[in-house]
Amino acid sequence: MAASRITATIDYDKSGRQTGFLRLPHSVHESAYGWIPIPIVCIKNGSGPTVLLSSGNHGDEYEGQVTLMKLIRELEPAMVQGRIIFLPAANFPAAMAGRRTSPIDGGNLNRSFPGDPDGTPTKVIAHYIDSVILTQCNYAFDLHSGGSSLMYVPSALGTVVPGATERNKQVLELLDVFGAPIGYVSNRPMGADQTLGASAARRGAIALGTEMGGSGTVTPAALKIAGAGVRRILKHLGVVPDVKVAPSPGTRLMEVGGPDYFVYTPENGGVFEPLVELGDTVKAGQPAAAIHFSHTPWREPEVVRFERDGVVLCKRIPGRTERGDCLFHLGTEYRG
Amino acid sequence: MAASRITATIDYDKSGRQTGFLRLPHSVHESAYGWIPIPIVCIKNGSGPTVLLSSGNHGDEYEGQVTLMKLIRELEPAMVQGRIIFLPAANFPAAMAGRRTSPIDGGNLNRSFPGDPDGTPTKVIAHYIDSVILTQCNYAFDLHSGGSSLMYVPSALGTVVPGATERNKQVLELLDVFGAPIGYVSNRPMGADQTLGASAARRGAIALGTEMGGSGTVTPAALKIAGAGVRRILKHLGVVPDVKVAPSPGTRLMEVGGPDYFVYTPENGGVFEPLVELGDTVKAGQPAAAIHFSHTPWREPEVVRFERDGVVLCKRIPGRTERGDCLFHLGTEYRG
Amino acid sequence: MAASRITATIDYDKSGRQTGFLRLPHSVHESAYGWIPIPIVCIKNGSGPTVLLSSGNHGDEYEGQVTLMKLIRELEPAMVQGRIIFLPAANFPAAMAGRRTSPIDGGNLNRSFPGDPDGTPTKVIAHYIDSVILTQCNYAFDLHSGGSSLMYVPSALGTVVPGATERNKQVLELLDVFGAPIGYVSNRPMGADQTLGASAARRGAIALGTEMGGSGTVTPAALKIAGAGVRRILKHLGVVPDVKVAPSPGTRLMEVGGPDYFVYTPENGGVFEPLVELGDTVKAGQPAAAIHFSHTPWREPEVVRFERDGVVLCKRIPGRTERGDCLFHLGTEYRG
Amino acid sequence: MAASRITATIDYDKSGRQTGFLRLPHSVHESAYGWIPIPIVCIKNGSGPTVLLSSGNHGDEYEGQVTLMKLIRELEPAMVQGRIIFLPAANFPAAMAGRRTSPIDGGNLNRSFPGDPDGTPTKVIAHYIDSVILTQCNYAFDLHSGGSSLMYVPSALGTVVPGATERNKQVLELLDVFGAPIGYVSNRPMGADQTLGASAARRGAIALGTEMGGSGTVTPAALKIAGAGVRRILKHLGVVPDVKVAPSPGTRLMEVGGPDYFVYTPENGGVFEPLVELGDTVKAGQPAAAIHFSHTPWREPEVVRFERDGVVLCKRIPGRTERGDCLFHLGTEYRG
Amino acid sequence: MAASRITATIDYDKSGRQTGFLRLPHSVHESAYGWIPIPIVCIKNGSGPTVLLSSGNHGDEYEGQVTLMKLIRELEPAMVQGRIIFLPAANFPAAMAGRRTSPIDGGNLNRSFPGDPDGTPTKVIAHYIDSVILTQCNYAFDLHSGGSSLMYVPSALGTVVPGATERNKQVLELLDVFGAPIGYVSNRPMGADQTLGASAARRGAIALGTEMGGSGTVTPAALKIAGAGVRRILKHLGVVPDVKVAPSPGTRLMEVGGPDYFVYTPENGGVFEPLVELGDTVKAGQPAAAIHFSHTPWREPEVVRFERDGVVLCKRIPGRTERGDCLFHLGTEYRG
Amino acid sequence: MAASRITATIDYDKSGRQTGFLRLPHSVHESAYGWIPIPIVCIKNGSGPTVLLSSGNHGDEYEGQVTLMKLIRELEPAMVQGRIIFLPAANFPAAMAGRRTSPIDGGNLNRSFPGDPDGTPTKVIAHYIDSVILTQCNYAFDLHSGGSSLMYVPSALGTVVPGATERNKQVLELLDVFGAPIGYVSNRPMGADQTLGASAARRGAIALGTEMGGSGTVTPAALKIAGAGVRRILKHLGVVPDVKVAPSPGTRLMEVGGPDYFVYTPENGGVFEPLVELGDTVKAGQPAAAIHFSHTPWREPEVVRFERDGVVLCKRIPGRTERGDCLFHLGTEYRG
């Protein structure tokens, strides 16, 4: 495959703090020779691993964006041992629009890896991250949340690989260090092989993520968890050894299994009434939601039930719903 | 002004329970002789006042819609003394789209009163409610919430009029009966003379409203408050005298004054980080929010402060924000 | 009300044949000083009444447009006694887009009379026709058809007014002269007072119309009926006394009464299966249509029935349908 | 190529009647973990061939959709010998929108085979049908019609392959069994190698299709032909051996050759007046259509002529037309 | 008519320099309690007349916007005698979009006066300028240019009123002071009674304007003329008595008469080739433009000619053109 | 890769003058069997090289379109020795829309080579030009200009290849023959390997281009240069040996190097004020542009400077600008 058409205004090999842009050529009616300016920050000092910190992979997930912007302004080169590459608005057009997907091409960056240097802008971004950035990284932390359509119990997310005992141990340790209420252990992440995390793993990096709230908004509580978690990780890896942060309160390791962990809207054109809340422990057969029909308000609602026992980790936000929308997903205790 | 072009498939004077539609003629490319079917329910029995219960005035405010749909299915004519007119999806095109405003004409129904029989569909709806429904009503309860862009401490809302002692007393009593955490007393409601409530008042009805949550979603907690409040009101008015509902826990009467109660985004193109939460008591000069800039993440955020003391009753939800967006508004104890 | 902002490049008082444009000022981004060029043709000779022949009032009704374009090219001034004003693409932006309504403002010209000189382009056109053209006319024939969403048994359409014996007699005579399969006598036309025909009547002209097929297409059969009918009318009125046309086969006078003549889609989001065809004689209670649900194909269809006896004059075309769409309307023998 | 990302809620190997959905993952702003629910029905019993019955490949072709929905509700497992897989709304987003192509990606499913598991939703559907469904089928019947832009003499459609004598014989026999007015024998179908039928042939299945009317509507006459034809085919193949259906009236075998069978609009921005009708026998040089210009109604129309003799099998519906639109195509007697 | 719903964050009566916003309430899906922030600057000192300086009335006319932003930053209160109100982005949504008209409502502000406090945002702005600002002004200078679709010889524009000798003399004097290459004297300005200038005149103020280039761009040459002209006017009126600016080079007074001064595109769908340039002196009958047809490149172009003698003051920019677009307008020497 | 699905109505091997269309199959909702009609002209006579003359590669670059349309109408077969293939509206949908990119798929044709026969329409066009047309050509001249977003000093453009002495000499000679004010020698053209010129070179043809003005308009001056240049080239190559044209005034050879030749907008949401003009000679560090902020007019502008010495060859046109837009690029004397 061809090389990326993106050029960076920073030099990854240079020490100190650099701020600049990835220039993604975008020749359109309004700007024949223009480029899309994706912000990038690189802080390099001494020796140590390279860590990618990214957010805005989905443009409407703001907790990570705010967390990384604060960290970018706080960290001085002298505080760093190794290198941190910040990509706080990874799918920049989506982030500027406050949308999960890019308004230019409709692309979902986290379903676009490993990308294509001659594809749509979203594919070009994925290809650059995969082929230029992740090839330099030892760790990749991609900060997500529920975005506009979902709300999560704040979670850190790691992926275990059957047989990779050492690696898996490190992932679980990092989840514990991060210290979110939930440590979500996945062996089949959403989007599977098309995510930034999957690309990171293919490139040999340890990948971690978060699902840090959602609703298309930011809360002080979520920022507190995310800010402390990221700092603890960086301290633990020795990349920012002396950063001030409280010790981890630990995490509750949970896993999410197959389709029976998920509840979906069973009918078109309704309004979603949740019958449980985030964090509730539920039983198989328990009513999860009622779908009401505003166009025929006297019609009885459709009631949908949980297919298994578990804890409610994630719920849908928008009231209007169509068949196939995810309303809830559950987690169960991690069984190792 | 001309008569409404809307016809109803129900007869307001008939006893019993009727379900049907307001037929709003809408002659468009896809349907030359079509009409917009706005659901309406009328339950009439015995003698007593006429009460309008409406929701979906803003289509993305779902708490009221679900509350009224449940009540519609629960109430039998024999339970009623008087008449209840339900309009659970008042701006029907907006409700079907899950939007504050109508996708047909962009109209905000609660800024369209007293309406126009020859105007846009939103204006035609306002005119019908004003000229046909409100003229028959003694009470009008229009259930709102924060919708997609705002989140409220659950509140019931009443308007007092200088000098109208008897009427004002009844309004405050109804707020107490409703029993929301906040009883929000207004003398300058949003949208002023263009709201359903303002039309109701002009037509001589007692108008009450709610701001019952928001975020473009429904929660079990908000539904519980709204459902009990509406039932208590109906019981109190004698319209559904024997409905089963717990007694009111009372309410905290608060008022919202002039522009200094409001905090607005000071700059374009940022991400909103709230520095306080709903229900917090704040002081003048206290930082309210930081606006971060994802396109230039190393730029210091703009910090905006509260202009006065108060309690945070309402906050913005969407992370992306532009200058002029309302971020918070405060309330202070009602001084009568 | 102010005078029209439209200027005509033709002179209505001049004899002979003139072709030109109504210039509707339209100052937009792409053309700051531009105007919308609505074609107009005027043929004046000798003495006799003034007749307006219009089509493209709805832009997707082509039978009238083609009929009038042929007539425009065929008629020579020497053939005329009086004056014919042709407006073959009355809502010009709609006609160019092949849409019922204007792509500029969404306006339905035949629901916009008497118009507004300072309103949207559609309102400005209505106002010009009402205030400048119809004030000069003795007869106004506005050629419609079912358009994109409906199909009609080819009909000529006249309106009778209670008590106006002479006028009504002339209308019925003209229907007979036109010689369509159906002569549709209305006393409550669609859109009522907002149509071109209603404006014509208010201005003292005799108004006639057609519903000449539909489906958003043209057929040789419909053109034959329309072309002969218009020529017979012009000959009958003495305006084109020697035009060659076969004598009228007569017409079947029918009338369309209240809501029970109409059948509407009872549910959202279905596919319309007609159970009868145009021209069928049906009975009250007979199934009219089944609405199938492609999203849940195993669901039983909703069946809707005729509410009265009659003849099927009009049916819906598009397969996809929403609650409130008109599926059929009936006619019954005209009872005078 | 990778495996499909679609999962089915039914089990193709299970006996009996199953209804469910193909879940096409679609992670978008409004629904981060959602899927597109493509309805699927499988009826399996005893032994016999596997038949795919599909419609809604183009979303605005309703005759097949209604025919298959009726059949789905009529057939009981005990009536079947073998297996029938129903895909009545194959390009589900297009079917729900009533559009030929998908509103999500603009894709024309019948120009998207053999598809791509990592492509647009339309490509993903094509890939699943090709790689999962057609690999299980002996016969594939894809029900089309003229859709919104064309109207056909009701036809069944088969493709013959030079040299494949046995196979071709079976195809001609099936056309005869189907019993549409026209049996359309093609050796260069529209879209060639990109159609469902072409994929079926590559997968070794016998493929048959229809062109069952059109105009974006349904008629009782077309449904009667389609319903009887499909039942006769299923009976003939022994898959529904005892279904009640009248014997085939036979068919008129015709073929459609090269570009001289087609008539196209010669100029931009006109209104299409057909000068012949469906079923007419025409001669080379005979005028086929006149294109009129509503923006300059006094301009002479452009007349376009047939390039060869034949029978009019298909005509364009929409009145507005642009250069390159197909106005008619002819057929000639099949010469084997 | 009702009072404006706009509130200003500045106080017009306060001395010194104030910067702030007109808050136009705009309650939409994304911002329920938001307002549109229209920037306003007021500089008041000593005694003297009140002058409105506005630009961005059409959002794609940038020369005035840049000229006023520079002046806003340059002027100190001590330099002023009287009051200057700056409205540099009058139709703010249009200015932010770089469009002639508002992206919110399609409104052309300079065809919206005197406005409507309950209308679209554009109408609300017009009403506020008319009823609140112009009622305080002695002079109103509204800086326009050709915008995106036109290019002008830089001109200052004044309107004379038959019989108002003193007033007219002052207008001509101001044109001379401004010192643009052309002083354009109008007695029938574009948009007539619907412009800001017309409202100013109705409110008793002296109104002046410019047509300062265009093409949707800014040039150093146009800025030089505009900047010096505005400063000379302010000095001449004594409002900024000591501002440094070169003396006026004088102006060439020209007038623009009736329709024969204008040349329009005669046909749809072409490419505009100008045959003359700005500033050329032309004769009646001289070819003005050729319209070529890219869809049929071998077709001869349509040539359109000037209808009278004159000087080319204005030409169209965009190559693509439709019938009714203005290609050129002429001027002739002012005859007083 | 598969063969093109495009068919041509002309025969490239036939002598004489042929006009016709490339038929690009485009099966869409409005036209199921339609094709996009890309005009093509072929003039062949005697013996000599084959030359492609193309324009409308970007649909908003009109100078080339008008130049080629004039030439198409002027040239008679007898004037030609060899073959000229004209493709005056290469990306036909873009040319009809007056947009740089295609309104159908957003494609930029000059970033789409070598194309894809199964891709979007823009990709299909690129593939046809590459695989069918360029394989027959000795020379390919693709006429560009600055389009809507840029303005150029009129330039002819050639690409030199290190080591290809003979070829490079011919390119420089052709630039001199063309005789534009600037002869722009590139070794890294915009879009690199994805342009028509790059495909031509890969196919062994000599490729030349132009940047002939811009602003989305046509000027008499630019047409004069382009028309004479193309004629001189055709005469020089012996393809139109006797065409009447003045001798070349020669050209100034310049080159454009790396990123320091370009100036980009440094901030979002501003208005572009150029501080230099086309043709100016500038120094490193000299201010190039000021970016003003209409939403905060009292904010100081951002000033951006040239990074090196040079001559201003190209500038941005639209006033509104975002970070990453190209404002200027420089050229320096060609150093061979």
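In this document, chain identifiers A, B, C, D, E and F correspond to the written order of the chains, with residue numbering beginning at 1 in each.
In this text, a residue touches a chain if its C-beta (ideal position, glycine included) is under 8 Å from a C-beta of that chain, and two chains touch if they have at least 3 such contacts.
These numbers come from a predicted model, not from an experiment.
Q: Going chain by chain, each one touching the next, work out the least steps from chain D to chain F.
A: Between chain D and chain F, the shortest chain-hopping route counts 1.
Q: Of all chains present, which has the mean Cα position farthest from that of chain A?
A: Farthest chain from chain A, going by C-alpha centroids: C.
Q: Based on mean C-alpha positions, I'd like to know which chain lies farthest from chain D.
A: That would be chain E.
Q: Mind checking chain B against chain E and telling me if their interface is mostly the same residue numbers on each side, over half, or mostly different?
A: different
Q: Go ahead and note the Å separation of the Cα centroids belonging to chain C and chain E.
A: 43
Q: Between chain B and chain D, what is the gap in Å from one C-alpha centre to the other?
A: Averaging C-alpha atoms per chain gives centres 49 Å apart.
Q: What is the distance in Å between the mean C-alpha positions of chain A and chain C?
A: Between these chains, centre-to-centre, one finds 58 Å.
Q: Where in chain F do residues touch two or more other chains at once?
A: Touching at least two other chains: 37, 60, 269, 295, 316, 318, 323.
Q: Hey, which chains are touching each other here?
A: Going through each pair of chains, those in contact are A-B, A-C, A-D, A-F, B-C, B-E, B-F, C-D, C-E, D-E, D-F, E-F.
Q: Taking the complex as given, what residues does chain A use to touch chain F?
A: 7, 21, 23, 25-37, 105, 118
Q: Using the touch rule from the top, collect the residues of chain E that touch chain C in their complex.
A: 58, 60, 99-101, 106, 108, 110-111, 146-150, 190-191, 194, 259, 262, 264, 316, 318, 322-326, 329
Q: Per the contact definition, I'd like the list of chain E residues that touch chain D in the complex.
A: Per the stated touch rule, the residues are 268-269, 295, 323.
Q: Sort out for me which residues of chain D touch chain C in the complex.
A: 19, 37, 39, 41, 56, 60, 62, 65-66, 68-69, 72-73, 86, 88-89, 92, 95-98, 215-221, 223, 269, 271-277, 292-298, 300-301, 316-320
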